[in-house]
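Shared chain: chain A. Partners: chain B in the first complex, chain C in the second.
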Partner chain A sequence: MLEINAKGIYYRDLNAMIREAVAKGEKEIVVKGVNGQYYIGDGLVGNSTITIEGVPGNDLAAFMDGPTIRIKGNGQDNICNTMNGGKVIIEGNAGDVLGYGMRGGKLFIRGSVGYRVAIHMKGTKKQSPTIVVGGTAGDFFGEYMAGGVLILLGLDAEDGASLAGDYLGTGMHGGLIYVRGEVDPNLCGAEVGIGEMDDEDRATLKETLTEYCKDMSLSFDDVMKKDFKKLYPASLRPYGNLYAY
Partner chain B sequence: MFRSLAPPEYLAKIDTIKCIRCKRCIQNCGWGVYSWGGDKVLINTSKCVKCLRCFHYCPEEAIEIVDSPTRFKSNAYWGWNVIRNIKRQAETGGIPLTGMGSDLPYTILFDNLLIDACQVTNPSIDPLREPMELRTYLGKKPSKASFETGLDGKLRLKEKLPPQIKLKLPIIFSPMSYGSISLNAQKVLAMAAKECGIVMNTGEGGLHEDLFPYKSNVIVQVASGRFGVNPDYLNAGVAVEIKIGQGAKPGIGGHLPGEKIPLEVARTRMIPVGTDAISPAPQHDIYSIEDLRQLIYAIKEATNYKPVSVKIAAVHNVAAIASGIVRAGADIVYLDGFRGGTGAAPSVIRDHLGIPIEHAIAAVDDRLRQEGIRNEASIIAAGGIRSSADAAKAIALGADAVGIATAALITMGCTTCGKCYTGNCSWGITTQRPELTARLDPEVYAERLINLVHAWEHELKEILGALGINAIESLRGNRERLRGVGLDSQTLDILGVKPAGR
Partner chain C sequence: MNHDYQKDISGCGLTGLISKKRRRVSGSSIVKSLCLMNDRGNGLGAGYAAYGIYPDFKDFYAFHIMYDDAGVRFSAEEYLKNNYHIEKIEEIPTCPVKAIPISPLLMRYFVSPLKDRLVGDTRPDDFVVSTVMKVNSEIEGAYIFSSGKNMGAFKGVGNPCDIAEFFKIEEYEGWTWTAHTRFPTNTPGWWGGAHPFTLLDWSIVHNGEISSYGINKRYLEMYGYKLTLLTDTEVAAYMLDLLIRRHGLSISMACQALAAPFWKNIDSKETDEAEALTALRQIYGSALLNGPFSILFGHANGLVGINDRIKLRPLVAAAKDDVVYMASEESAIRAICPSPEKVWSPRAGEPVVVELEKK
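Up next is the complex of A and B:
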């Protein structure tokens, strides 16, 4: 295990240290005293586990492919931007624009998230991203979604409170969104269908949430006590009829 | 069936006396104009787009494609296309799409600018006898240079130079994605770029592995759809470009329709087969210059500080925006004028949004100079560069290099028919239909593109020679060597160019 004290270190130098350690094959890295340094794990390839103590800055795990990062506090904006693979676990809340264009790997957040989260996530049969938000989400959650799985739990939300903001799944043309509780159709764009869970959905949820609950030390049974709704793309070609050829 | 009230644009005619019934026209037309009627070729002229493929491949010269003589009554205000578009919209309720750059008769500033030449008082130079330097480096330049003597006794730069892209001449191939054009068309660009010592740009469709051998002549692009972007991709080329906008469709995104996404395109873009590839209008992680800075540096961190280019459409406030882009840390500002081409854009957007590239170059170059940051980034100007003369004028106005795309496609057979968005290009360029793309032999057409670049290279040298200068660097931003004809004083003022005769 390697311990790095990030106090007062410029982000470029800190990231160079982490990169070097991963390149050398260090499997366990603990970074202490992190205070807003940007781009931690940016473009990082490998299978190391990095634990962050403190609050890391924006663009954590952007373009990342492989490593696991656990943040022992809150995260900021742009986490997992265009991420290709790996896993990010955030024990607190996180900010805006998480998982933009994310193509693979997992992002687990215990708390709530801000605006524009999971925009244009995409996946194929081989590679598909997953985001689980334990709390609530702001506007534009899952906008332009093209693939992958997005789960919104609202664990600490009051009964009947809306878990997501406006424009939920607007422009969605792939992937699935699962919401623990009711979904007001007025929040969604016309491209979104709202449906009931089937066996395949339940299997996806079970697999993902078992892992999530383990990572967050939560009881899976408690989380599953409430019913989920499924949001799916009404069409794979939402704008197919827009043009005159 | 209801027959469209939008009349055919062209009339395809076969001289039945010359025709030997070889059926080549039937095979060659990507739009299905011709079919076999048992004893003669049948023609559905309403499908013809005048791409002239059939004309070129008819062994008997029996085919003639003419603009349809049956037009609406001529009207200087209600033009043919205006009425036709209304009829199409009335029938479909859709947005008429178009391909290529705008063909509307706005003033072409390049054609109103003339280049100086030497006479008597300052000798011109013969480029056939004397060396002419066209080599161009794209990237940040230091604001001052200091030197030291190395151990070998040679002078060298004291500070480390920021990363540069080396070009043999100030021309690059503008971004065209795999998906919008065929893989064979991209191969033509890659082969020619390598041979000519310049670069091509992947566009936003990812990098197919067939292009890996050309990596050192490739710029990879990151756009709002983030198609095919992963750490390998970012590190594959010589630089990374963030695409904010495109001259032909400023401010709007792109939809590559599902039917144009066969397996290979899907694999390269890393998306499922058959779904639309939607590029949102903005990049939703960039709502400000500060956000742009974040993405620029996220890319730099991921690539160990490769140069980053930011491509924008030339719009009204282009100078202020470009200044922000440079301050955000971009190494290259790529300006795309409103004449720039496209694989598909709504015609209302293409024809009515943006500003000419000539104005944009002058305005951006001025602004960056005034702010003392011109050295911080190179300017690439694109969007309607038709000839080496346009390139020379763009450079004299202040560009470091120009981007060409339509001109490159024309070397592959394109006739600028403008129907790229249909995916039926008979020349195998803007299509993914295997029977069409197979006809574009990369080696054959790379040769033609290389010829074009070499011809322009010679022409640029001739222009420099006539100007009495021996390096393209001396022409850069040298507006004193340009004069305007027939331009009003305000336009001249914006361009920073004197009227001819002064």
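Up next is the complex of A and C:
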């Protein structure tokens, strides 16, 4: 195990140290005293585990492909931009534009998130990204979503409170969003369908949330006590005829 | 084509704090907070505003003026002497900084309008606003960049740390602070274009771009404001002066004019509120700030943070004891307050309004 004290270290120097450790085959890295350093884990490959104590700066785990990062505090903005593989676990809250164009791997957040989370997340036949939010989400949750799975739990939300903000799934044309509770149709655009869970959905939830609950030290049974709603793209190709009529 | 280049991806950064109990905090805190976000700017502008820094002259307007050269100073001072009692004239204390080889001449005046100049029902605040507009638009090379009481703005072209060192920010003590590092996108990086933008006690720091600048500018010009600083943020400072001081809107109403709720949200409100919001949008359509922004504005009695209606720029708030912090990044707050009691992300268009406790 390698321990790095990041207090007062400039982000370029800190990231060079982490990169060098990963290149040398270090499997477990603990970075202490982090506050605001940008770009941690960007483009990193392999199967190392990086634990971060503090609040890391923006653009963490962009283009990452393989490693696991656990943040023992809050995250900022733009985490997991275009991430291809690996996992990011955030024990606190996180900011805006998480998982932008994410195409693989997992992002688990224990707390609440800001605006535009999972914007344009996408999947392929070979891989599918997953984001789980334990708290509530701001507006534009899953905007332009093209693939993958997005789960919103609202674990600490008051009864009857909306878990998501406005423009939920606006422009969605792929993937699935699961919300633990009721969904106000007024928050969604016409292109979003709201449906009930089927066996396939339940299997997806069971697999993903079992892992999430283990990572977050939560009781899976407690999390599953409430019913979920499924949001799906009502049309796969909403503009399919735009240039072809 | 060479793809192996280092690109700096940045946006402006802002931070602010307020001690509700009017405890005067050293400038070193806000400098530390802003410098953590150094990379959000590109060295083409940084600045600070502070309230409560001139207790010995608190009843006088504190004019901070930048002059392109000493000749301009003579013309501006002639004008000031004819219209104001000048309690004190001094150079704004600065310290030579290697990274700031050139700077305008920076002077500070503590003044009050001459009684016989306040014709009719002109109030001193109105007179000061007209002076700021006149000097900034008619005396070439002279800019009043701060004109409030017991407050001041300090700004210029440079990185946050260099500008702080240059103006000796750490030597000031204030109960409200705002600060900004700039990444100019559409307009020149010059001394007058750095943030904060101020008028009377209003001070604004802003991240984003106000795409309604033209509409806002023409609207303000109808009320005698002259926009001379070549930067969109200037409209926000003057708009607050117009809406709050001159038209008597409350701070929250003014915020609802600047970041008006969408019509579909107005329609979903109760009748009375919907009617009030409809009226506000109709009357102040030209005050709407369109485009992405997060803004902090300081004033004599408090600090306000506000986002555009769909939160296209970051803003985080935190609180500990009697101090409320707001910044572009949580880490900028934690740099000076490692364990806040509460950290939250303000929602789009919903202002965080913090008032000083009554004296």
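Criterion: the second predicted complex is superposed on the first by the 240 of 245 C-alpha atoms of A that agree within 3 Å, B and C clash if a C-alpha of one lies under 4 Å from a C-alpha of the other, contacts with A are read in each partner's own complex, and residues count from 1 in each chain.
Just so we're on the same page, a residue touches a chain if its C-beta (ideal position, glycine included) is under 8 Å from a C-beta of that chain, and two chains touch if they have at least 3 such contacts.
All values reported here derive from a predicted model rather than from experimental measurement.
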**OP:** Could you figure out whether chain B or chain C reaches more residues of chain A?
**Re:** B
**OP:** With the two complexes superposed on chain A, say which partner A:Tyr144 touches: chain B (first), chain C (second), both, or neither.
**Re:** first
**OP:** In the overlay, answer first, second, both or neither for which of chain B and chain C A:Tyr38 touches.
**Re:** both
Subject >> chain B versus chain C as contact partner of A:Pro185, first or second or both or neither >> reply: neither
**OP:** Could you tell me if A:Asn58 is touching chain B, chain C, both of them or neither one (first, second, both, neither)?
**Re:** both
Original post:
Does chain B (first) or chain C (second) touch A:Thr82, or do both, or does neither?
Top reply: first
**OP:** Give one of first, second, both or neither to describe whether A:Gly195 is in contact with chain B, with chain C, with both, or with none.
**Re:** neither
Subject >> Touching partner for A:Tyr100 - first (chain B), second (chain C), both, neither >> reply: first
**OP:** Residue by residue on chain A, keep only those touching chain B in one complex and chain C in the other, then list them.
**Re:** 38, 58, 140
Original post:
Which part of chain A faces chain C closely enough to touch in the complex?
Top reply: 11, 35-36, 38, 54-58, 74, 76-77, 93, 95-96, 114-115, 138-140, 165
Subject >> Residue ranges of chain A touching chain B (in the complex, touch as defined) >> reply: 12, 15, 38-39, 42-45, 58-59, 62-65, 78, 81-82, 84, 97, 100-101, 103, 116, 119-120, 122-125, 127, 140, 143-144, 146-147, 171, 173-174, 236-245
Original post:
In the complex formed with chain A, which residues of chain C make contact?
Top reply: 36-37, 39, 310-311, 314, 316, 329-332, 334-335, 343, 345, 347-348
**OP:** Could you please specify the touching residues of chain B with respect to chain A in the complex?
**Re:** 88-89, 91-97, 222, 224-226, 229-231, 234-235, 255, 257-258, 266, 270-272, 274-276, 278, 280, 283-285, 294-295, 297-299, 301-303, 346, 421-422
